[in-house]
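Following: one structure in structure tokens, then a few remarks.
Here the chain labels run A, B, C and D in written order, and each chain numbers its own residues starting at 1.
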Amino acid sequence: MNLLSNILYDMIYHSAPLILAVLGGLFAHKANVLNIGLEGMMLMGAFSSTLFVMLTGNLWIGVLLSVLCTLILGLIFSFFGITMKSNFIITGFGINIFVLALSSFMLKYLQMANINVSSIVNVTNLKINIPFIKDIPIVGSLLSGHTLITYISFILILVVSIVMYKTKFGVYVRVVGENEEAAKSVGINSTAIKYAAVLIGAALCALAGANLAVERMALFTNNMTAGRGFIAIAAIYCGGAKPVKSSIYAVIFGLAKSLAINLALFAGPVSGLFEIVPYLMIVIVLFAVSAVESRRTKIRGFKLE
Amino acid sequence: MYAIEAVNLTKKYGDFVANEDINISIVKGEITAIVGENGAGKTTLMNMFFGLQKPSGGELRVQGKEVSFNSSLDAINCGLGMVHQHFKLVPSLTVFENILLGTEIKKDIKISGKLSFKSPIIDRKQEKKTVQKLIDDYKFELNADDIVENISIGAKQRVEILKMLYRNVDILIFDEPTAVLTPQEVDELLVSFKELKKQGKTIILITHKLREVLEVSDKVVVIKRGRVVGSRATKETSAAEIAKMMVGREVILNVNKKEKDACQNKVVYCVKNLCTENNFGKKVLDNISFEIKEGEILGVAGVEGNGQSELVRVLSGLMEATGGSVHLYNRDITNKWPAELRSSGIGIVPEDRYAQGLCKDMTISDNLIAGYHNNEKLCRHGLLLKKEIEDVSDSLIEKYDIRIAERNGNVSQLSGGNAQKIIVAREFDSNPRMLIVSQPTRGVDIGSIEFIHNKILELRDENKAILLVSSELSEIMNLSDRIIVMYKGKIVGEVQGRNADSEKIGLMMAGVSAE
Amino acid sequence: KTNDLGIALITSAAGPNDKGYNQSAVAGLEKVKTELGINYKVVETSDIPGSLSQLAGAGYKLIFSLEYNFDALINGVGGNKPIAEQYPDTTFVIFNDNPNVNEDGSVKHKNVVSVLFDVHEASFIAGALSALVNENASELFNTSDYAFTAGDAGRKVGFLGGTKSNGITVFGYGYAEGINYIAKELGVKYTFYSDYNAGFSDSAAGATKANTYYSDGANIVYAVAGAVGDGVTAKAKEVKKLAIEVDANKDSNQPGYILTSVLKNTEVPVFEISKHFKEQTMDKVNGQVLSYNLASGATGITDLSVIEGKIKPEGKAKWDEIKTQLKAVADKIASGEIKVTNAQAGESFDKSALTNLNMPND
Amino acid sequence: MKKNNTILKSIYNVLFPVLSALFLGGIVIAAIGENPFLTYSIMIQKSLFSVNGLLKTLHFAAPLILTGLAIAITFKANIFNMGVEGQAVLGAFFAGVVGFSVKGLPPVLHITLCVLTGMVVGMLFALIPAILKAYFNVNEMVVTLMLNYVVVEIVKFLSQGVFKDPSSGYVSTYPILESAMFKKIFNSDLTIFFFIALVVFGIMYIVFKHSKLGYEVNAIGKNPEFSEATGMKVSKKIMVIMLISGAISGLAGAGFLMSEKFRFTLDFSGSPGLGWDGMLIALLGSHNPVGILIAAVFYAALKTGSDYISVFTNVPKDIVGVIQGILILLLSVKFFNGQFDLTGKLKNMWKRSKSGEQKAS
């Protein structure tokens, strides 16, 4: 019972930053701007949020400033990638390498091994316990006791779905990605749309980083995003950049990660191999889905994606 | 005052001059037809009118004012609209979303009585209603709800047209709007043109079909190699004269086919009970059976979207058949992949030129050898022989009169007609035993049509078997020895080419059985 | 003889600002500079062998290398002579391992010094402390400050290691033996959860791993996993339990929630060897294995002053008693009465000998 | 004439970002109170303009050339194979295992065996995403990204378990035997491995530029539907391409182990890793073998240079990372040709200002 609660709680815990990065990344993805820089943007969010919380002494001001910082990063990416028509993948990698180096350089410059803001932020108080629900077994640990940004991330799945499919902006993002010529021919400013798509991604990645660092641990350590940006990219691809489907992949990953960690307790000496589970899980689910799809279609061969 | 006036308008691509000192005045309220060979520079000119290309020189005036468009948005704001030759549609969106793209209708949120404001949410119901009404007004065969990805090319063309008509513009540019429409639809469209003209709109129409020019236009402008070479009032000219101005020589507008009886010849290609389904599980080919003999052209007629595309896909190995069989000289080739079909001697001219027939971003010679690059003449020990490939492509370019600006340029720089000739040259010259030819002259100028038709007949006279699929009924009737008609995935009738009666075929195409 | 260049130090991948292992070595050099007047140079590199020969070639006569990477230095690779042999006038000091011996036990290079820390002993003390504190938690601390699991359900500890290497297991095994020692004395049974795959950077994942231990009843989690430890201590604070840190004194990172830190104080050997260098008595250490035990001050646990702030007045007596007990344990280790497994020296660990400790993950 | 112009432009395209990045980095270096000129002169002098430095640069370029080529052949076919990192690591690991476990072989044989092991293992790894892509249309980018993590965990598990060198204080397999080591030439860093990389480069050059396969790779990358329709058997080609990529990456890993690391450790591939570096190199070299060769040497010089920096100056190593990040960002843009035409824009501005003057006068 306790174990099950823990598994569910940790599932939400590990899913939230991924969902944010997925939701942010899929705008750019839909607009046909492959953003490999999600990892760097997330790291920037984690780093700058803790840094600014330390400097300002206020959690939400820190998070806000970190969103701004990451937006600047998004602007850099957009400027190079969209205005200057660079190779997105290189630019994204540049962003990743740059942020990683910048954060560790700054730490060195500040003579710190990590940024610890636990004296400013009390993470226990940031958990929102929902009355009544928190006392229901199982459901309680699924729905209650998470942080604000975690809740926001799940609410955003719905919001992003609406924006993507019901509003002009969402339609334009998809149009620009699918057929930029078509967008231009009806006078849609495709550059502006692409910028907006990348910037939304940057902002949400900042939140993901802040969620990971400040909100959960009041702590930044070097390279603490540890590849989550790439997992998010994988989830976006798996879900065909659809908000709900891609988020489900993020949750699947979160669940697998949670299972791997919680069950490792009972795994004996092979617990090390449990770390593979989340990654294999993604591959297997994707394989199953693709195999079913490819069986259905009678059209042969590959199309340019 | 003219609606549009071009003064010495010039467009250069590097050293290549696509438009040179063009002077055209489009009279308000008239229909002006612009004709010319493939690659003459018509589209380029229109793109400058519509702000998609920047002129390299000269002046452009709209409603008497000099303009300099930075994007098509500027042109739209000046009251221009354009239907593009290569569709500018979004495949994953519905028909109505495509038509209303850029002018979406938003939901009103009513807060008690009079107070209401626009929400950011799109009102899809309202959008659909609006578009369905538009479709009904123009009597187009179209469903507002369909996803554009899944509709036929003809339907896509109709969406493009509606997209512009909806915008209520004053000057309408149509770049080959009829290339993929059925004859009935063309007639409908021409009626709409006249209607629009009555409403005071100015129309520029680019087409390769002289019938249309003569029927609706007030004025014809002929462009050749980037220059205006002639301009006539339509009333005072004839198809023969226009064709001559375009091509620079007399053009035989109707092919001249020797009748031949293939009844006694050997069967080359035999299709039996062929079936397949689309992604939604719908049967799109239903028990298709036919034979083709040596020296015979079998024409497949039908309205777009009745299974012809799928038939060609299955026969060319790009789609799986769920049932039935295909034999080539008694050899079972059912569900073989394209590579095996080719090596067994089947040449294929696919329907979608730029998807399956050509690679736009490769050079002309790379495209000319595609699929035949394995030949020992061109490839030894896995290495390609540059010199031989150049020789082969030079000779094909020469033999098939492919007009190229730059020898090592990419196919993307070629006009549609010349691009089509690359496929024709490649497939026809590989000495196939059997040819599958789909929409061979779509969007191709009359000179090239004549050329391609003659080549097809030449192959027939060399005793090849040919399957010809085309939405152009006149093409089918002109070339085929035998015609089968498809409707809803089935063959609904067969007629001999000799005594084909277009009325009767037309009825069969519409689903009215022959008997 | 010394020259202007002075002493060079190559840090491990964690870099000179790691608040631990590397930083205290740098602190040692800083002390050397102020007290002995010798310049120093700190190098951070991904190419250890290359930098070793660079520095030696540039004329450095004493080089500390904190990273594990000895093949090129000691044995030579790719047909090249060992770097130690190429630069016989330079002394290379390496840490945590002693590869400088031939099969027959003789010293390979006279100009190599190996420095070992008896962290297994320090870990043993930390283990003893953990068990003692856990048994007496209610007496020592205010219940409002902590949320300890009481009784048998709380007789659990966790250990998170970055990788499963001798350099890490040496901490884990010593810790286990320390807990077992006290458990046996008190006649209770403990469970020891361990995970040696925490890595060194994903502090968020480390925090959840620690949480699985805490929520299963463990009251203390010991992390030997670099930055992951920061995640563990943050989690300890969140769940109001205790963590143990490693390398440097990090007790005040999360004051009150870090029970102690197991020290591996590189400052001591760095200063001592540099002193020999200054006094030109390098022959006293050259070719030697320098082992730093509890008594040397280079290893051990912290003075516990931070956690002491949380001891309630009524618990002071018990606390002093615990400290005395620890002192006794340390003495027994020093006298050899207690033998702690030293995994780093290649000693094998026998978990079946730990009668009062259940180790499901080992 | 025209060709000259394009070559010149591509030189500008590289020179401009390099100089700008160095300039920006220089500002940062100056800001922390160090001398940027000294820093840079050490970096360049030690990595390119000294014999030993140059040889070291070439030595480190060898695996990068290979991973660059391994990525390029798949990217060119529009297959996003992100698994080169995993292929290289796995290849290295098993080459290492053969390197220490097979005893008594003469060096030539032992080296060959290790290299072949690395290549075969690389191919086996690549086979998984290849089959999934070719026959089930599973997105190869996701699969390879995920499998990379799987590889990391597996080699970790193995090197902490069965293949662990118990005498070592950190996680490591046994060192490979003398007979499996590529010998350093003249006591420099260079080994035969560099020349093996050059041979592979030569072969790949021919494959890219003159072979049937190269032609098909190009076609598949640009239009797979067309390629299938004209009979190029895309699925089979995907398999072939992936296997080649796997073999080359496996070779890269094995060679790096046998010429530089000599035993497998968890940080074997470095950060960000041979495969990721290779990806940047392939992209910077525009999937063109010669471009890749140049980019690899350049990148290796940057890396070696950065190691020298921290030895000879007090500039922290992370600065090099910052410069690298800026550099890569700037290199991603083609300033002088391609879509963003700086010279063209400048020329236009110049023309406009001139014509403006004329009108005014």
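Here, a contact is a pair of C-beta atoms (placed from the backbone, for glycine too) under 8 Å apart; a residue touches a chain by one contact, two chains touch by 3 or more.
These numbers were taken from a predicted model, which means no experiment stands behind them.
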Problem set entry | Chain pair with the higher count of C-beta pairs in contact (B-D, A-D) | A-D
Exercise. Using each chain's Cα centroid, which is most distant from the centroid of subunit B?
Worked result: C
For this session: Report the inter-chain centroid distance for subunit A and subunit D in whole angstrom, where each centroid is the mean of the CA atoms.
Result: 28
Problem set entry | Euclidean distance of C-alpha centroids - subunit B vs subunit D, Å | 45
Problem set entry | Between subunit C and subunit D, centroid-to-centroid distance (C-alpha), Å | 37
Seminar exercise, completed: Going by residue number, subunit B touches two or more other chains at 318, 337
Problem set entry | Residues of subunit C whose C-beta touches two or more other chains | 164, 196-197
Exercise. Mind pulling the subunit A residues that touch 2 or more other chains?
Worked result: 104, 108, 272, 275, 300-301
Problem set entry | Chains touching one another, given as label pairs in label order | A-B, A-C, A-D, B-D, C-D
Exercise. So in the complex, which bits of subunit A are touching subunit B?
Worked result: 162, 166-169, 171, 174-175, 178-179, 181-189, 296-301
Exercise. Which subunit B residues qualify as touching subunit D in the complex?
Worked result: 316, 318, 337-343, 348, 350, 355-362, 366, 370-371, 373-374, 379, 382-384, 386
Seminar exercise, completed: As the complex stands, subunit A meets subunit C at residues 2, 6, 10, 13-14, 104, 107-108, 111-114, 116, 118, 123-124, 212, 216-219, 221-224, 226, 257-258, 261-262, 264-269, 271-272, 275
For this session: Note which residues of subunit B are touching subunit A in the complex, please.
Result: 50, 52, 71-73, 76, 82, 84, 87-93, 97-98, 101-104, 106, 120-122, 124, 163, 276-279, 313, 317-320, 322, 337
Exercise. Which residues, counting only subunit A, touch subunit D once they are in their complex?
Worked result: 76, 80-81, 83-91, 93-102, 104-105, 108-109, 227, 230, 233-234, 237-238, 272-273, 275-276, 279-280, 282-283, 286-287, 290-291, 293-294, 300-305
